[in-house]
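Shared between the two complexes below is subunit A, which pairs with subunit B and subunit C, respectively.
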Partner chain A sequence: MTSETTSKSPEAAAVPPPGASREKKRVPQGHRRLLTRRDRVTLAFMAGVPTVLHVALVWVTALASIALAFTTWDGIGFDSIKWVGLDNFRQLFTDNPQFWPAVEHNVIWFVVLILIPTPMGLFLAVQLDKRIRFSRVYQTAFFLPVVVSLAVTGFVWQLVYNPDTGLINSLIGANKPGHYIDWIGNPDLNLWAVLVAASWRHTGYMMILYLAGLKGVDPSLREASALDGANEWQTFKNVIFPTLRPTNTVVLVVTIIEALRAFDLVFVFNKGAQGTELLSILITNNIIGESSRIGYGSAIAVVLLVISLAVIIPYLIATFRKERRA
Partner chain B sequence: MHDLTPSGLSVPGPSRRTLLRGVGGAAALGAGIPLLSACGGSGSSASDTKTVTLGSNASDAVPKKAFASVYTAFQKQSGITVKVNTKDHNTFQEQINSYLQGTPDDVFNWFAGYRMQFFASKGLASPIDDVWEKIGGNFPEAMKKLSKGADGKYYFVPLTTYPWAIFYRKSVFQQHGYEVPTTWDELVALCKQMKKDGLVPIAFGDKDAWPAMGTFDQINFRLNGYDFHVQLMAGKASWTDAKVKAVFDHWSELLPYHQDGFMGRTWQDAAQTLVSKKAGMYLLGSFVAQQFTNKADLDDLDFFAFPEINSAYGQDTVEAPTDGFMVSKSPKNHDGVVKLLEYLGSPAAEELYLKGDPSVVAASNKASTSAYSALQKKAFEMIGGAKSLTQFMDRDSRPDFTSTVMQPGLQKFLQNPKGVDSLLSSIERQKKTIFAS
Partner chain C sequence: MSTALMVKKRTPVRPARILLHVFLAGTALAWLAPLLWAIFAALRPYAETSNKGYVSWPDKLTFDNFTNAYQQSDMLHYFGNTLIIAVPAVLLTLLLASMVAFYVSRFDFRLNIFLLLVFTAGNLLPQQVIITPLYRLYLLIDLPGITMSGKLYDSALGLVLIHMAFQSGFCAFVLSNYMRMLPHELTEAALVDGASVWRQYWQIVLPLCKPAMAALATLLSIWIYNDFFWAIVLISTGENMPITSALNNLSGQYFTDPNLVAAGALLTAIPTLIVYFLLQRQFVSGLTLGANKG
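Up next is the complex of A and B:
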């Protein structure tokens, strides 16, 4: 493209600007000439196709889902859509025994991910950053759970937790009548059991993010703090960690997203039975499949959307403000 | 049917098939455009009088092959080819709404009961009274009742069925000198005795959330009768009714004799405790026999009907989920469809199918029972002798109600049997809004 535009522009540049009035006319003309017909078609495609896809797949669907949240619809024929106002939300907030637990579990999911696997991932990243022997092997080992699909992770962990033949119950002898520990079914246990699996994966994810961040830390900073006589912990706390600020922002956003979109692991683990209800699973159960409570499911989806926006918008505002200042 | 749940959903878990489906989906995307044009081409040939299209959910090897043999026999007899489009069992069920609204096949596999009536009343199925004029004589009264829509017209041709009952091993009962219980008190006493003898009285696994529905159904129609059960399932009777409360009271009495840790156990694992003689009884559909892979074990398997609770109803109702065929809203080859359904409603077709898939029994009482195993014979007699047949909670009621309210509700009860009152009022509130829509 550049070669084409430059091959055209000399002609425009060769003409010396005879006067201000002439130049005024010439500028838009030359601008037009910068883009050939082919360029314009290409540009139209490059901008148009993503726009169409984005509008159709993001905006239209999101707005349709919001609109459907105020209706009841069994998915059969458009004429069966009935406007019900805020009924779906009223039912959701007052009558649905699964809704508030689901919100709570999504929050717990986030809190646990940020409190346990995230510092753990940072710790591993710091250790691996020291160029210890077999660093690559460890990296691969810790990162492997991230590569594996969450559905597979869920499947593997539910084998580990199986009450009769699972690894844990077999090892501790909790698979005999009267001694059962029901990791998958017991509503006081199952969320924590599944969070162990989620943390197992999230640790590796966080490790890679922090490792990338640490690689970007200027080595002279370490040298300087070493010269000042700071020990390892002091260096980390006062020098390294503050420079990881951009990484921390990414980690926070990623963790929030992970907590809100948590679905596959639990769905495979126990389909979101009592104790592990999640918003995403409630949406699926109501919309997908034969049940087809599309309006009601959309209402839950809208709640999830509002929560996501409440988290994302302040983040975006803060980022843009920072950019403007810079 | 093979690794299917009674609700007809195939057992979840990332199987090879799921993966293959993913690959197939990707391939279909790539091949989408040529496929569409191919559809246009075949559209004209589908409307000829020599082809009938059929949407099938029989994706498992055994039923698929058994159905294929039936269609081949039909082609030989009538000269009409059945073009089968098989979809994964689970996917078929989940997509049924959009499938029936789009361009469905002429005939499709479906289940009897409320689920069938739902699509009939939505105008997504064609009445087939003309077919039933010919095949009516082949079926007992209870099957006829199951095949009718809410408007009294026929919409369904049943092919196979199987019963829910309490399964046990003859050798275990013999060894301990147990008698088959015929009343509730005898059942409770037997449970106590089994516990004393170191057995798990009732094997149980509710990880998939549907098995508990089976227990509820049994206690409810034994205690409150078929009519009340139907009313309750149709959303007409109230869940806060004292009769429903009584069902849960009975269930609570039996719950301590159920296998521990059931919330995390699949029905297959629970069945293994019966296979290994660690459990005395198991309330399930006759598909439990699939877990008895050893011939000697299978011969040792027997069952009895859930005991009587209320003498007014005795043991007059049998839960017998029935599979069969329906016709889509505007079949392209109507005459061919009628011929096909007439054939599928004949004893010959059922016998042929059962030859390929002996895990179920024929819906027709005219089909020969000579090839049946002892278990099949007993199942057939039990269903034939029933005054009323139910399907299963999720086939007898609205699927949105059973999947989003009853499945979590019953699991909640199993975790906390004392919280029945608040649970029932919550179920009733949710039921009202769902059935109102």
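Up next is the complex of A and C:
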């Protein structure tokens, strides 16, 4: 037998943070004693390899975004990195004609998603939860847009919106000179046009999340409510909806993240031309566009990072705290 | 008494049910309309639609646009590119994520929550937050002889790595929740018998996670197949693009023919649709298993 009896806890081998080797009372003693050195190496490897990969490619780069945001760099050699303090941010907030519209569009994106497709998804979920016939057929139809890639979604909706050949203009006769409606090019229209496509997709996503939430609602609640003489709407409002609270939190977070991540659809639709600028598009244009401004692009990324973390961190802390209690 | 109540209730509900079906069927049809419109456009010859307009009765419906789009753009090559990226990415992501999940859920270590927090938060970040340094990093890493480009940039390997790093967060979260539900006695017995940690993981825990792994594999395949952004930025040679991102360039080739664009776009959607229709339950359960996915 190679079982060791040293009291050194195995996590010290995995990731060596200060204080990690302190004893923890909750660990069953037998567990640790039976771990061989090889087991510890295995564990270190099992936790270490994925962590290193994830931290290196996601968190180190996120931190690098923050660092680069305070510099200018042409990308050729490290010598050319120059510290410029808050210059990039100053320029971004005061001089960039695209920045504030982009922020506004990201906000509009979120507001539209939470006000229209989210309640719509909830409504559909409530209807489909009624042990109705063909429920799966309907679900499949509503959920289909979530499965198809956003790039394909962009092309499909281009066929609907194309000013010359699209479905809408052909139907209403707006494809002739004189009554032209340019859904894709007109900066007053294109954001709303693309938001219709985004909502089309978001509804199905929300429907699935709410359906899962509704499955978890105790059926006796519904019966009790019915016996009390509550009608369908009253039951939903006073009994069902309050129990959906955890789902609502998830839905809110998912919707905010979706609004911040919005990219593919717009990029395919019109490359983020005037009217559809988004933070994600501005960052990308600073990399693959003609003028690669690394520091400046990173400053926009920092804005996006700060907003994202402001949502992600409290949500995850609340989630994990609840889990630990459970 | 309750049956009497049920009977009483069921009779007046009927017309409402019919109304509901009418509403749902109508909405479902409206939901499918854009896709059906794309199919309709793709089935019609360009000459006919440019002559008669798009909203018109079709004289001829053919698959010519599909075959043309497929052949002209050498689509098979791009499907191949996707396969080279997606298969290793899905398998390796699941391997790494399950290892982390095993560690986090089976060994009650101090770092668990923190580690899981790092992984999950990283997965929720918008991709654009990290893209600028990532792009530079990929350009800096020289891999002569390992990738075609000699760098991590513009290589399938680079895409596999970023997919793994990004998606493992979500999978680790889902799998650790799943593994936590498995009884502790399972591995404790094995431990007493002298089974190594690796054997506990590989022979005891992993086989029990098959349902969760299947759901995640379905989800990951579709996500990675559908990825557009990473490849647009991290691949420079059009030839090396996976199919979803290549579509952007391909559509430029047959730009003047929307019917051909429609056919091309629909062709790239077919694999996801097949996976979805075959494995719908897996997909949905994966999505709701760890509903905190952006």
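Note that in this section the second predicted complex is superposed on the first by the 276 of 326 C-alpha atoms of A that agree within 3 Å, B and C clash if a C-alpha of one lies under 4 Å from a C-alpha of the other, contacts with A are read in each partner's own complex, and residues count from 1 in each chain.
We adopt the following convention: a residue touches a chain if its C-beta (ideal position, glycine included) is under 8 Å from a C-beta of that chain, and two chains touch if they have at least 3 such contacts.
Computed from a prediction, not measured in an experiment: that's the story for all the values here.
By the touch criterion defined above, A:F110 reaches neither subunit B nor subunit C. After overlaying the two complexes on the shared chain, residue contacts for A:N286 are found with subunit B and with subunit C alike.
Legend: residue contacts after superposition of the two complexes on their common chain; A:T165 is shown touching both subunit B and subunit C. Legend: residue contacts after superposition of the two complexes on their common chain; A:A151 is shown touching both subunit B and subunit C. Between subunit B and subunit C, C contacts the larger number of subunit A residues.
By the touch criterion defined above, A:F99 lies against neither subunit B nor subunit C after alignment on the C-alpha atoms of chain A.
By the touch criterion defined above, A:V268 lies against subunit B and subunit C together after alignment on the C-alpha atoms of chain A. In the overlay built on the shared chain, the residue A:F70 is in contact with neither subunit B nor subunit C.
Contacts of A:Y180 after superposition: subunit B is touched, whereas subunit C is not reached. For the contact definition in use here, the residues of subunit A common to its subunit B contact set and its subunit C contact set are 75, 151-152, 155, 162, 165, 268, 286, 288. Listing the residues of subunit A that touch subunit B in their complex gives 72, 74-77, 82, 87, 91, 95-98, 151-152, 155, 161-165, 175, 177-178, 180-187, 190, 268, 270-271, 273-274, 277, 285-286, 288-293, 295.
Interface of subunit B with subunit A (complex): residues 12-14, 93-94, 96-98, 101, 115, 122, 124, 200, 206-209, 259-265, 269, 272-273, 399-400, 403-404, 408-409, 411-412, 415, 426, 429-430, 433-434, 437. Per the touch definition, subunit C reaches subunit A in the complex via residues 17, 20-21, 23-25, 27-29, 31-32, 34-35, 37-38, 41, 49, 53-55, 96-97, 99-100, 102-104, 107-111, 113, 115-137, 139, 161-162, 164-166, 168-169, 172, 177, 188, 191-192, 194, 196-198, 201, 222, 225-229, 232-233, 244-245, 247-248, 251, 258, 261-262, 264-266, 268-269, 272-273, 276-277, 280, 283-284, 287-288, 291-294.
The residues of subunit A lying in touch with subunit C in their complex are 1, 3, 9-11, 14-15, 17, 20, 22, 24, 26-28, 30-31, 34-36, 38-39, 42-43, 46-47, 49-51, 53-62, 64-65, 68, 75, 124, 127-128, 130, 132-134, 137-138, 140-145, 147-152, 155-160, 162, 165-167, 170-171, 197, 200, 203-204, 208-209, 211-212, 247, 250, 253-254, 257-258, 260-261, 263-264, 267-268, 279-280, 283-284, 286-288, 294, 297-298, 301, 304-305, 308-309, 312-313, 315-317, 319-320, 323-324.
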